[in-house]
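Please find one structure pasted underneath; my questions will follow.
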Amino acid sequence: MSELASDLAELVTANHILAREDVLDAFGHVSLRSPQADGEYFISRSRSPELVVVEDLQRYDLDSKLLGDDERRGYIERVIHGGIYKARPDVKAVAHFHSPAIMPFCVADIVWKPVTHLGATIGTDVALWDSQAEFGDTDMLVSTADQAASLAWALANSNAVFLRGHGAVVVGGTLRELAMRTIQLCRNGDLLLRSLPFGGVTPLTAGEIALSGAKNLEPPVLARAWDYWATRAGH
Amino acid sequence: MSELASDLAELVTANHILAREDVLDAFGHVSLRSPQADGEYFISRSRSPELVVVEDLQRYDLDSKLLGDDERRGYIERVIHGGIYKARPDVKAVAHFHSPAIMPFCVADIVWKPVTHLGATIGTDVALWDSQAEFGDTDMLVSTADQAASLAWALANSNAVFLRGHGAVVVGGTLRELAMRTIQLCRNGDLLLRSLPFGGVTPLTAGEIALSGAKNLEPPVLARAWDYWATRAGH
Amino acid sequence: MSELASDLAELVTANHILAREDVLDAFGHVSLRSPQADGEYFISRSRSPELVVVEDLQRYDLDSKLLGDDERRGYIERVIHGGIYKARPDVKAVAHFHSPAIMPFCVADIVWKPVTHLGATIGTDVALWDSQAEFGDTDMLVSTADQAASLAWALANSNAVFLRGHGAVVVGGTLRELAMRTIQLCRNGDLLLRSLPFGGVTPLTAGEIALSGAKNLEPPVLARAWDYWATRAGH
Amino acid sequence: MSELASDLAELVTANHILAREDVLDAFGHVSLRSPQADGEYFISRSRSPELVVVEDLQRYDLDSKLLGDDERRGYIERVIHGGIYKARPDVKAVAHFHSPAIMPFCVADIVWKPVTHLGATIGTDVALWDSQAEFGDTDMLVSTADQAASLAWALANSNAVFLRGHGAVVVGGTLRELAMRTIQLCRNGDLLLRSLPFGGVTPLTAGEIALSGAKNLEPPVLARAWDYWATRAGH
């Protein structure tokens, strides 16, 4: 298998992992910046992630214009991916999703903070982007370049952003980082929802977040988790 | 496969999808207005939806009288379907169910509102019908024409209605719309139950509900979700 | 298959159904009064219900003394079954379990009441039996004839009783009634736990409970649910 | 199969059981003190427990130095196991995990107490160890001999300890005791989380804890549960 073929196979596996771990469902998507061309990215045609196969992958430029002559419909919100790759050269993989574990952070007065060493993989804070502020009443989807740029601005240099009434976006330096960050955002979110009513919840210290967050991204740690998640997803 | 056969196969799939997605369980049912005769509808004989096969389907008129000579027992509450098809010419598919995700809205002081773009598929409000108000003490089932007409009155021109101490009814212009509405009613319901205790929850604006709600019913969006749910249900 | 063989096969199925529906787990048990001798009952040797096969069934008298020469260890708490069959001639099937859905009613200040038509299958109230009151510090198991008689007294003429810090006991006139009551006790319990924090929860009226409760035990209703649960349990 | 081979096979099964019962996930680990040498223990190489096979097992001394020439990477936190075997001669099996059921006890003001006869398998109290107190900002992992010794000191003579923002450690006299304790710590934890908001929750009495706790560790009780859990885990 060529290096590209191997990367694309991993993108398919990432789709299946995030579906299996209750991050993605009928909706949501995952992309990978082309390892061969920084100005391009790969993402499935419009299809639920659990069903994605390598033949579904399409190639886009950073304006999210299709490259090649594939005529199959793409995700409406693929501009999220193009917009973030444009704004963040360090980002190589992006996921957008509506996992039940994080939706309360998009609709209620709850602030996400890392309260475990695994939650620290996200960093200290997750901003909330509200489409209403800049774009007024919309269909809530991020479907224009302006909306994507506004969302990327809200993401700034962090690893995750919530969208009011909609879902979340997470970024990674590799697909494995992305899977770890995405899953731990959800797990830590679920933990907060069950813990906050009891009081006394405090985030990790800044030092703990920095040290834990770096530890969780070490290749052997990522490999161990990825192997487990891939097996569970049937790979 | 004839067009009718294809529609009936889709009705069977809808039964399995709603069972798989935790909308239906031992009880509840789904029907389809006959594509050949507006005054008739198809629904399974009395059987749990997960087990329904095409041979289980029966044909009824809008008074819920059986057409043909099938002697197998029908659902007691099939009058819900006949009553709504009579009152709402735009409705082509109906589901009645007792999903855990929506039952709290039938027994406690909680008001369902759409708080995500997907929840907007239902519309702005869901009325609560209380059999006690008009019919006093009953076995809680909707089993007479009068009860069905009263329930259809409460549904009015909306897409869903809750039944006090009992469950919900959802309608659609197609089986795919019905599946989307039913599942999103449950998902948004579950989200509200987990979010409301934290405060600060506000529904989408009227404009957002109108725009998102319409978007979610576009055929490619429905097809994407239906394909995913059908695959999960073993089709 | 003889009538007895058919009844014992149904007892095995009941074990599997209640395991599949999250009523029973590693612990808990189900029994059937002998259809041939009112003073005897059948129950598995000490084994987790999901694993029970017909060869595991043993026969006991109402003092829970083994009949026949089977030397395999029996359930310590089988006296619950003997004690209730002795006190309640109308009871033909008994289940004891520790389902997560009902345990909060055994350890916290929450009162179980039927709030749906299906919950009405249990009746109006569920008493709480506290081993501490009469027997002081014990290993919490119901393992003596005196304890079983005390528990049966608390059950009185109702269909279910909770055991403080321990679990629940449910009775039925048939295995199908028992399955319906047991599962609906759990479903209604789970619903209460999720609804009570929102306020405004009131039980069904006495009239509704009587009418719904009777309806749910009609043979076609029980058959429909049993077929579904048995299929899910692999039968 | 030799006695050692049989013990190691049981260690593999314990890995799979605790994964299946939602105690372990991508992370966490289980070990067994060598039945042949008190100063040694067996544990998998760094791998998610659900995937562990007997060939993954490695042998360590109580300083958690690898014995033999296996070059595969070990768990970073294996020092937890060595440290506890050193401090507690009675302990023959150790598990470390981050089950969602117990994480709220590691991040919020909630005190774990046994409120059921099965919860009593843990004993009366579970201490909370905070790495911050003695070691300041770290990556939250227990990766040095000093940290392990400090954790073992917090465990003292009890059966379980929580780690602030991190997870739990449970010990047993055998793998079967360990499985029972670990699973019941989680089940009782989940029950507390769902019950405490309703008030009126009190732990079992000291006498009940002693009697129930001992009962749950009797070999036939452990065998019954182990057989069930092993079957569920595919053994």
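Odds and ends about this structure:
Letters A, B, C and D mark the chains as written, and numbering starts fresh at 1 in each.
To be clear about the criterion, a residue touches a chain if its C-beta (ideal position, glycine included) is under 8 Å from a C-beta of that chain, and two chains touch if they have at least 3 such contacts.
Chain by chain, the UniProt names read as follows: A, B, C, D = Aldolase.
No experiment lies behind these values; they were computed from the predicted model shown.
Listing every chain that touches subunit A and subunit B alike gives an empty result.
Between subunit A and subunit C, the least number of touching-chain steps is 2. When subunit A is laid over subunit D using CA atoms, the rotation angle comes to 90 degrees (nearest 5). Residues touching across the subunit B and subunit C pair largely diverge in numbering: under half of the numbers involved belong to both copies. Centres computed as Cα averages put subunit C at a distance of 33 Å from subunit D. Separating the CA-averaged centres of subunit B and subunit D is a span of 46 Å. Annotation for subunit D: residues touching 2 or more other chains are 196-197.
Interchain contacts close the chains into one ring where each touches exactly two others, per the touch definition above. Chain pairs that touch, as defined above: A-B, A-D, B-C, C-D.
The part of subunit B that touches subunit A in the complex is made up of residues 115-118, 120, 187, 190-191, 194-201, 204-208, 211-212, 214-215, 220, 224-225, 227-229, 231-232.
On subunit B, the positions that touch subunit C within their shared complex are 25-27, 46-48, 50-51, 73, 98, 100, 103-104, 106-110, 132, 136-141, 165-167, 193, 196-197.
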